[in-house]
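Structures are listed in the sections that come next.
The two complexes that follow have chain A in common; it is paired with chain B in the first and with chain C in the second.
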Partner chain A sequence: MIDVIVTGDVLKTIAKALVALVSEARFHFKDEGMHSRAVDPANVAMVIVDVPSESFEAYSAEEDVIGVDVNRIYDISKTIKSKELVEIKVEESTMTIKFGSVQYSVQLIDPSAIRKEPKVPNLELPAKIVMDAGEFKKVIQAADKISDHVVFRSDDTGFYIEAEGDVDKIEFHMSESELIEFNKASARSMFSVEYLKEFVKIAGSGDILTIYLGTNYPVRLIFDVCDGKAKVEYILAPRIEE
Partner chain B sequence: MKVFSEVEERLKDIERDIKKCKKCNLWKVKTNYVPGEGNENAEVFFIGEAPGKEEDKQGRPFVGNAGKLLNELLKKIGLRREDVFIGNVLKCRPPNNRDPKPEEIEACSPYLLRQLNVIKPKVIVCLGRHSTSFIFDLFDIPFRGISRERGNVKKVRVWNRVVYILPTYHPAAALYKPQLKEDLEEDFKKIGEILRRKKVSLLDFGIE
Partner chain C sequence: MERELWVEKYRPKKLEEVIASKEVLEKVKLWAKKWEMGKPQKPLLLAGPPGVGKTSLAHAIAGSFGWEVVELNASDQRNWQIIYRIVGESAFNETISDEGEFYSTKEGKLKLIILDEVDNIHKKEDFGGEGALIKLIKRGPKQPMILTANDPYNLSAELRNLCEMIQFKRLDKRRIVAVLERICSKEGIKADKKALEAIASNAGGDLRAAINDLQAIAEGKKEIRVEDVVTAKRVKELDVFTVMMKIFKTKIPAYNDVMLLDESPEDFIVWIDENLPLEYKGEELEEAYDYLSRADIFLGRVRRRQFYRLWRYATYLMSCGVQQAKKDAKKGFTRYRRPIIWQMLFQTKSKRERLKAILTKIGKYSHMSRRKALEMIPFIKILLNQSLEIAANVAAFYNFSLDDLEFLLQDRKRAEEILNYVREKGLHRVEDEEFYLRQFKETKQEEPKKEESLVEKEIDNKKTEKSESDKKTKDKRKSKKAVSDVTLDKFFE
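Moving on to the complex of A and B:
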């Protein structure tokens, strides 16, 4: 039996984070909180969602794994206000989502019918950049207007995001003093904007983003969202220039 | 005995159909049909307008002076003629190299479409305004004239993936106006850039 209460923003964020890559996911409920991870059908990106039990207004959950139609949850979550309290109950094969005077009953999916979850990899990525997630979101949205790929680059002068279109060019630069944390390591990789623009949808101004970057290697983007109540990590494979 | 792949067989079928075509009046004035030629696994498909004098004589596309320039441009981006596929919107030479008539394009273009559907290239390079306007029309892209469109890569979804369309000048245009050669070189560089871009999956890094 699972019976938890959470604010609307957390549920919205979890659903939005997952629908960026998949339509179905397994949710693991444990004493320490809720966890989910999935990889997109093209194996280009992975999402890892964690909501610690302290982030719930109330948390009573036996250790369990449920299969969730995240598109459905995402649709429902759109009607919930951010500060509204949502009660999520799981009994047998049904999840009930209750907020205000509305109660949705959603049929669960057999977790074994959902694609095998990825292992969380141990990546050695030299550069660490911590910055405002809202700022990152703005650059990605601007880059999307002119190109389908961006280059993330870091060296001792700062962190750069570069996009080049047919005629336009965008260069974003933040020096060490403008970043929240920066280790000045050198790294450079190119990524698809198609994916990044989906990832940044969960980010708001004031949220913190930690980037771990390597050279021609996957990037880790860790978003601390909903006032630190939830952590969403994306791992995205690079595009390689031969 | 040479064994042909399925794609080669399908291209040969199209070629056979072209060589007996009488859908418009150009077959009466041509010397040879020019079906097009190249690599059946080509990632790049070049589309010209129609055969010229030399092409008509030899039955092969881009073998005259414009062809020499095309070969040179390909070489600069590390490609050879054998790596790409080269065809024209019209498979027969219009008399005195006049512009193709709309009814000729309508009659002949299904052959080109069949070739594209067999090769399924990653990049379609339109050489000149006639092939650009034909391809743009096919994908509902508004065409504003070749000098405005050249070098602007368009992305379309076809064959279940993204295909890039690159309009540029016809190499013959650069023979008359040498200053266009630089533009052509610049546009050809984009072909190289598109081909070099490679999407990688997490599996390539041992993540599963």
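Moving on to the complex of A and C:
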């Protein structure tokens, strides 16, 4: 049996983070908190969601794995306010979400029917960039207007994001002094905007984003969201370049 | 307990295990090797009848070369958004495997995109799927792609030309027997070779069907003899009885059993309908029929909308629904019977067709649908039983034939009487174009005869056969010369 209370923003963020890639996911409840991870059906990206038990207003959960229809939770979470307290209860095969005077119940999915869970890959990524997630969101949304792919690049002069359209071009640059943390390592990879634009939806300005970048290697984007109450990590495979 | 399907259990994991001709295997191997060396190739289009191993070959390539698989099959929705999102992104990005590892094409670690049964992408809910696929392939996918199709000529020529087509033939009987033998030895079943041969020839080159049949026959046996296969046809029917027994006697969900049956839900519902009253009584019966009628509603929707996904709901209702309607499990043996509806339908076929013809005539001349015309039948019957004149007018108005009249009156004598009256009086429909056309033709053909020329004589000679038969009918018509028109006004005088 699982019975937890959490603020609305956390639930909204978890749902949004997962729905970017999958429609069904397994949620693990452990003493340390809640955890979920999944690979998208195109086998291009992975999402890892962690909410430590301290981030919940109340947390009492037996160790358990449940299968959740993320689309439904996402839809219902849109009606919940960020500051509102939400109680999530799981009994047998039903999940109940209570907010205000509303009680929403939904059938769970048999976890064994959901696609196998991935391991967290072991990636060696030289460059580490820490920056404001809101800034990152702005660039990606701008890049989406002109191209379907962007290049992430870093060297000792700073971190670059570049997108090129047929007749236009976007270049984003932040030097070490503008970034929160930067190790000046060189790296360069190209990524699909289609994925990135879904990822940044969870980010707001003030949230911290940590990027680990390699050359023609996947990128790790770690978002600390909801005032640090939840951590959402995306791993995105690079575009294949000639 | 769920039993594993042998088709899945023995699906080839490596290329060497695939049953296919040497040329096909060599071609496919070369294709995959070139991909691995970083040379993008055209997508493969595997074409051929069901059960010859198209999808198995695709999976075996991935297995042999250690590639990740992204599969979109016929049960997935495949409209243009989904094709773009999944196939498009898969084809131009590197891979994160199901295991969570990073696969780089630069190290020859690829991702195989399998699109099963692409000739089925034409359904309404797959709107734009084929167009999206063509656009993507034109952009030159960076990951290998395999399409399968039963009938490649159902695809647009454009898509076909963008792919490298490999045609599969029906499998040879001996190769099927070899596979069946291997499965038997792995399952620890002693099988008579003749029995396996019978299964193989029954399957008609479809290995999947052969393996399924083998599994059905071998169920719970350690030995398969020829007799088992000979009775296989009866086994099928027996199966219907076993499934019915499970539905009526137990509460163990029988959904999967019904799905495994060789009967479509549309046929199976008739079996349940026929035998339900033998088992259930009173309230149970009412409730069970309620479930059955709901199942029937779904079947109707399937037929109207051609939306076969709804079959599963129908099947659930007719199996599990009916099962839950009873309070306790039923005991004892009940002799189930074959549904009589099919026999009935067969026997009444000519009658139904006659009625349909009559309704069509009524509909045509009274300007209404056939369904509405059915409501007219009793009135027409009454009119036909009035005085001969009224009856003849009605018969002429609707252009009824002797059989039509006999069907309506159930009296051949009276029908003949009416029709004779019609002929004598030369009654016919006033706007009967055919009638006037016939009249017109007669006069037209008669004229040239009066001024016969030699040339026409020759033509006439050629036509003798025809005109002779014509003459017979003409004679009949001549007696009708004194014609009177039939309109509805007559009834209102």
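As a working rule, the second predicted complex is superposed on the first by the 242 of 242 C-alpha atoms of A that agree within 3 Å, B and C clash if a C-alpha of one lies under 4 Å from a C-alpha of the other, contacts with A are read in each partner's own complex, and residues count from 1 in each chain.
By definition in this document, contacts are C-beta pairs under 8 Å (C-beta built on N, C-alpha and C of every residue); 3 or more make two chains touch, one makes a residue touch a chain.
Quick caveat, the model's predicted, so the values are computed rather than measured.
What does the overlay on chain A give for chain B and chain C, a clash or a fit?
Once chain A is superposed (C-alpha atoms), there is a clash between chain B and chain C.
Should A:K119 be classified as contacting the first partner (chain B), the second (chain C), both, or neither?
A:K119 sits against chain B and chain C alike.
Touch check for A:P41: first (chain B), second (chain C), both, or neither?
Second partner only.
Looking at A:G134, would you say it contacts chain B, chain C, both, or neither? Reply first, second, both or neither.
Once the two structures are laid over each other on A, A:G134 reaches no partner at all.
Pick one for A:Y195: touches chain B only (first), chain C only (second), both, or neither.
second
Is A:P111 touching anything from chain B or chain C once the two structures are fitted on A? First, second, both or neither.
Neither chain B nor chain C is touched by A:P111.
So, A:Y217: does it touch chain B (first), chain C (second), both, or neither?
Both partners.
If we overlay the two complexes on their shared chain A, which of chain B and chain C does A:P52 touch? Say first, second, both or neither.
After superposing on A, A:P52 lies clear of both chain B and chain C.
Should A:A237 be classified as contacting the first partner (chain B), the second (chain C), both, or neither?
both
Determine, for the stretches 127-135, 325-333, 415-423 or 433-441 of chain C, which one clashes with chain B when the structures are superposed.
127-135
Between chain B and chain C, which residues of chain A are contacted by each of them?
Chain A residues touching both partners: 39, 42-46, 118-119, 121, 123, 192, 217-218, 235, 237-240.
Across the complex, what residues on chain A touch chain B?
Per the touch definition, chain A meets chain B at residues 39, 42-46, 118-119, 121, 123, 148-149, 166, 192, 217-218, 235, 237-242.
Along chain B, where are the residues that touch chain A in the complex?
Residues in contact with chain A: 151-153, 155, 196-208.
Can you list the chain A residues touching chain C in their complex?
39, 41-46, 115-116, 118-121, 123, 192, 194-195, 216-218, 235, 237-240
In their complex, what parts of chain C are in touch with chain A?
68, 70, 85-87, 89-90, 92-106, 111, 142-143
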